[in-house]
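Once you scroll down, you'll see the structures, which are given as structure tokens.
Each of the next two complexes has subunit A plus one more chain, namely subunit B in the first and subunit C in the second.
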Partner chain A sequence: MLLLAVGFMTKTQEIPLTVIGNVTGVPSAMKYSELISVLKGQKQRWNDGTKVNIYIMKTTTPIGQSTCKKIYNWSGDKVKRYWLELSFSGKADAPIFCNTVEELESYVSQNPGAIGIIDRNATSNGVKTILIDGKNPF
Partner chain B sequence: MTAKGKIFIFYAIFLGCVCFSFRSFSQRTDIRGFMDLSTFLQDDKVSFGLGEQDLFITSELSDRFSFLGESVFKFTPNTPTTFSVSIERAIVKYNFMGNHNLLIGKHHTPINYWNDTYHHGRVFFPTIYRPLLFEANIIPLHTTGISLQGQNLGDLKFGYDLMVGNGLGSNDVLDNDNRKSITAAVHIKPAEGLRIGFSWYNDEMAAGSTTHDGKLITWDVRQNLFSPSIAYFGEKFEVLAETTFASDHTDTTGTKQTFAGYLYAGYKIKERLVPYFRLDRLHYQEGEILFDKNNTTSIVGGIRYNINYLTVVKLEYQHEQTEIAKDINKVTFQIAVGF
Partner chain C sequence: MKFKLKTKIWLTVLAIVSMFSFFSLYYFPRQQEKNLLDNYNNEVQNLANTISLGAEIALTEENFEGVQTAMGFVKDDPRLQFVKLLMTDTMWNNDHTHFALKDSVLKTFPEKSDKVFDPQLDNSIIKKRSPFSTEIMSGAIELALNTTIIQQDKRKIRNASLIISAVVFVFGILLGFVLSRSISVPVLALRDAADKVGKGDLTQRVVNNSGDEIGELSTAFNKMVTDLEKAREERNKANQDLAAANEALNQTVSDLKATQDQLIQAEKMASLGQLTAGIAHEINNPINFVSANIQPLKDDLKDILKIVEVYEKVINDHVPQQEAAEVRQLRENIKIDTTLKEVNDLLKGMEEGAKRTSEIVKGLRNFSRLDQNVFLSANINESLDSCLVLLHNSYKNRIKIEKQLGEIPEVDCLPGQINQVFMNILSNAIQAIPAEGTIFVKTWQANATVKISIRDTGIGMSEEVQKKIFDPFFTTKGVGKGTGLGMSISFGIIQKHNGKIELFSKPNEGTEFIITIPVNQ
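Our next item is the complex of A and B:
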């Protein structure tokens, strides 16, 4: 029963999310609406001209599932379909879907203009934590 | 040092610079494919059909340059293997500022939502077959040329496409006359899932040209296409309505007008399950010179089930009434996949 309860809680629990970004290009604070616009591929470049690169966790991971829910308000399948449709219509570059938080943070640290979503503050050099509507986590 | 030696050193330095510049940028290339298979009942006969096999490549070439290629392998009866390969899109994109891009190559002409959004892979189509205005070659599906594109500008998410390309009667490597086709399209996305657009296409076909479907034109034809479009794909409802008014002018026959349009509507019973219908209408004015007059009405009713984001099955009934042929009644089942 306890295991079932834990399993149920894990499934329904929404993980608090943190937005991280490369120190180049990505602003230190954003509005929630702006974040959604960026993560839907509607912005190709940051204000300083750096290319926007998106990194999100695989939709099968708990963080990925929370990202789908909180940012897109869609299922993981619908998020993947959205990106496939958008990228092959030539309108945007699809995000990189990562397996682990460490992998995602490493990508963000190495790529100027990179933005990603994880469940903790940035720890790597070259990566900063982004405030969303003044909050972190959001 | 000899001249050959100097040239060799020059090329070595040049290649070294090129290699270095590419090493400093981690190129990302995605390759995907799409395919569909169908079985249909028509005239008391069941047939199985192989659809197009679609190969996609997208590649980031640098911080600002990218490439998109789409090649299709499809059944073509009059070839030794009964299959042929065609390049459907080959586009080099240069992002010169913000959300503004310069594109060169073979495009899907950005004339309406369907042509601009969907490609040859059937997995994303809301119905099994394309609307009749595509099948009847009313609009130019592809244009080879150069275009300026902007998207998601301002609060209304305004977008534009301005394209100059090889005109009607041309091919992908050579224009048949001095006139270029012009496509100007604008759209806004004022709410989530909603896109409202309008486009204008202008071209002149020189006498002696052939149309998309191989019809020889014996007069100079000046064509204008006006295409309003509205698309809404929401959480529950899906609506897509597009029309094209074609105005074809020759000095001999004057101006003739053709109307082609369709209305698609779907309702999500569940996220993956969508019953839908589509109404198509083609109407040609008497004396139309560019198209064969064949007024047509078609009604489609079907159901779509997304097994997952890469596998979709559809079951569809179509009734088509044409002016010059007998009615068509067809039931089709299709499975479309991405891989």
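Our next item is the complex of A and C:
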């Protein structure tokens, strides 16, 4: 598995990632460290108290793989495991792993406080692109 | 060991009830409980497998909520003791030569359920493990449900079994009663009836209106007894007929024997008659000769006496005394008067003897009349006289005979047989007088009949003897002194003459026979 992960890591090509969020609760810009904190379940509420809902692409997808690499610097499995332990320990709610960008964007648009990572800017109503350290993609 | 039918029925019913009770109280509940437990185990396992599968799918789908959802599948189950999501890690030793699998709990619901229990010792909980393996992790779902409901179900099963057993027991008792009554009572009734029938009581019948085999048996039994009764009646009737036929046969045999004896007696009498006739005939001529010569002899003697008297006169008157002395001496020696008297007496005796012999011969001839099957006119008085003559030797100097023989006409009869009757009665009368007595013989006419009475002053007869006197072979004489046929034959002879014979007797006073014979046949 480790070998596969290494192989995966060596073979994966990083895709530029864009952070999108629901227009309610999620700030339009944030620092990268905050993003990490949120995506690792450490920060679970936005400044206005809205609960954080994380939506990322499945680790089997290119975007998902890039997300694991860039955000977590882990393999997809490790990310899943991390979130498994975190969620089952009750410390945080696990992210929703989506199959397609449209699906992810749809979830984000429907859930206040939802944040997601895709490979493009938001296109739906109710969803905005979040600048990370002022950049997009980050 | 013999058991009565009722006992067998009860034993059977109790055995069935006991077996059912065993099954319903012990075996079935145990089986049910075992099945319940097995099913519960399976259910728990299936549930664990379901959760495990859900978790596996969720993990594969990277749907961590789905994992919690899968675990939450049993959250509201009241039986839930705990459900755990375990992560199985392979722990290698430093040398990477050995490994051990270590489970770590990722999630538990309820969260405080960390109690460790041993299912071997604690049967209040059933714990099942369902492993899964995904790329993320290998793990297992551990699901523990309590067995409270099982215990409750077990109690319900036992209670139901108890109730069913009780119902079956009561039903069994009732069934036993019903069966014993419906089977054993009629069978016992049949037995008792059969017993009585065996002892001869054919009035026995059993009442059973059931339509089953026992009813059929009762019907068959009743029919059998009816047939037996009928057969017995027929047999009794046949026996009665047989007895009657037997009696008739005996009577016929008796009659035949009597007839045979009568025939023999008649044959004897006939033979005797023939013999007597022969003897009488042979004696008759010489006696007639003697009788015929007595009178001439007497006449000649008279003449001789006359000559002797003349000679005496001449001698007395004309012969000198000296010359007549020889004649006188011879006369004195011979005692001529005495001699003459003696000769007269002798002649008289000879005459009487001849006369008597002649009477006896006549009597014998009368007695031995050979025309026995032809009715002839006969003089009854002469017959009686003849019989008295023949019997004279047996009653002379002892019994006086008083005769009162009336003026009676001759009677159509079988003379020989009528003589036989008179001889028989007179002979019996003589024998009935042990020492001295009198026999009265009387005859008279009564309209168209002639009556003959022979009465003796003998020992008489008792009532019992009088009833039997005319029975064949009945005799009051000693063994070998009488055949007992005389009176029966006499009775038969008088009957043949369309007459009757009456008997009057009193013990120690004497006996009288009155014979009535029609004058004309």
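The working rule: the second predicted complex is superposed on the first by the 126 of 138 C-alpha atoms of A that agree within 3 Å, B and C clash if a C-alpha of one lies under 4 Å from a C-alpha of the other, contacts with A are read in each partner's own complex, and residues count from 1 in each chain.
One rule holds for everything that comes next: a residue touches a chain if its C-beta (ideal position, glycine included) is under 8 Å from a C-beta of that chain, and two chains touch if they have at least 3 such contacts.
All values reported here derive from a predicted model rather than from experimental measurement.
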Would you mind checking whether subunit B and subunit C clash or fit side by side on subunit A after the superposition?
-> clash
Subunit B versus subunit C as contact partner of A:K43, first or second or both or neither | first
Contacts of A:K58 with subunit B and subunit C, given as first, second, both or neither | second
With the two complexes superposed on chain A, say which partner A:T67 touches: subunit B (first), subunit C (second), both, or neither.
-> neither
Given the touch rule stated above, what does A:R81 touch, subunit B (first), subunit C (second), both, or neither?
-> both
Between subunit B (first) and subunit C (second), which, if any, makes contact with A:G90: first, second, both or neither?
-> both
Which region of subunit B runs into subunit C, 4-12, 40-48, 76-84 or 202-210, after the two models are superposed?
-> 76-84
Go through subunit A and flag every residue that touches subunit B in one model and subunit C in the other.
-> 77, 80-81, 84-85, 87-90, 93-94
Hey, which residues of subunit A end up touching subunit C in the complex?
-> 1, 58-60, 77, 80-81, 83-85, 87-90, 93-97
In the complex, the residues of subunit C that touch subunit A are 59, 61-65, 67-68, 85, 87, 106-107, 111, 135-137
Residues of subunit B touching subunit A in their complex?
-> 28, 30, 32, 56, 58, 60, 63-64, 66, 68, 70, 89, 91, 93, 95, 97-99, 101, 103, 116-119, 121, 124, 151-152, 157, 271, 306, 308-310, 338
Please name which positions on subunit A make contact with subunit B in the complex.
-> 37, 42-45, 51, 75, 77-78, 80-81, 84-85, 87-91, 93-94
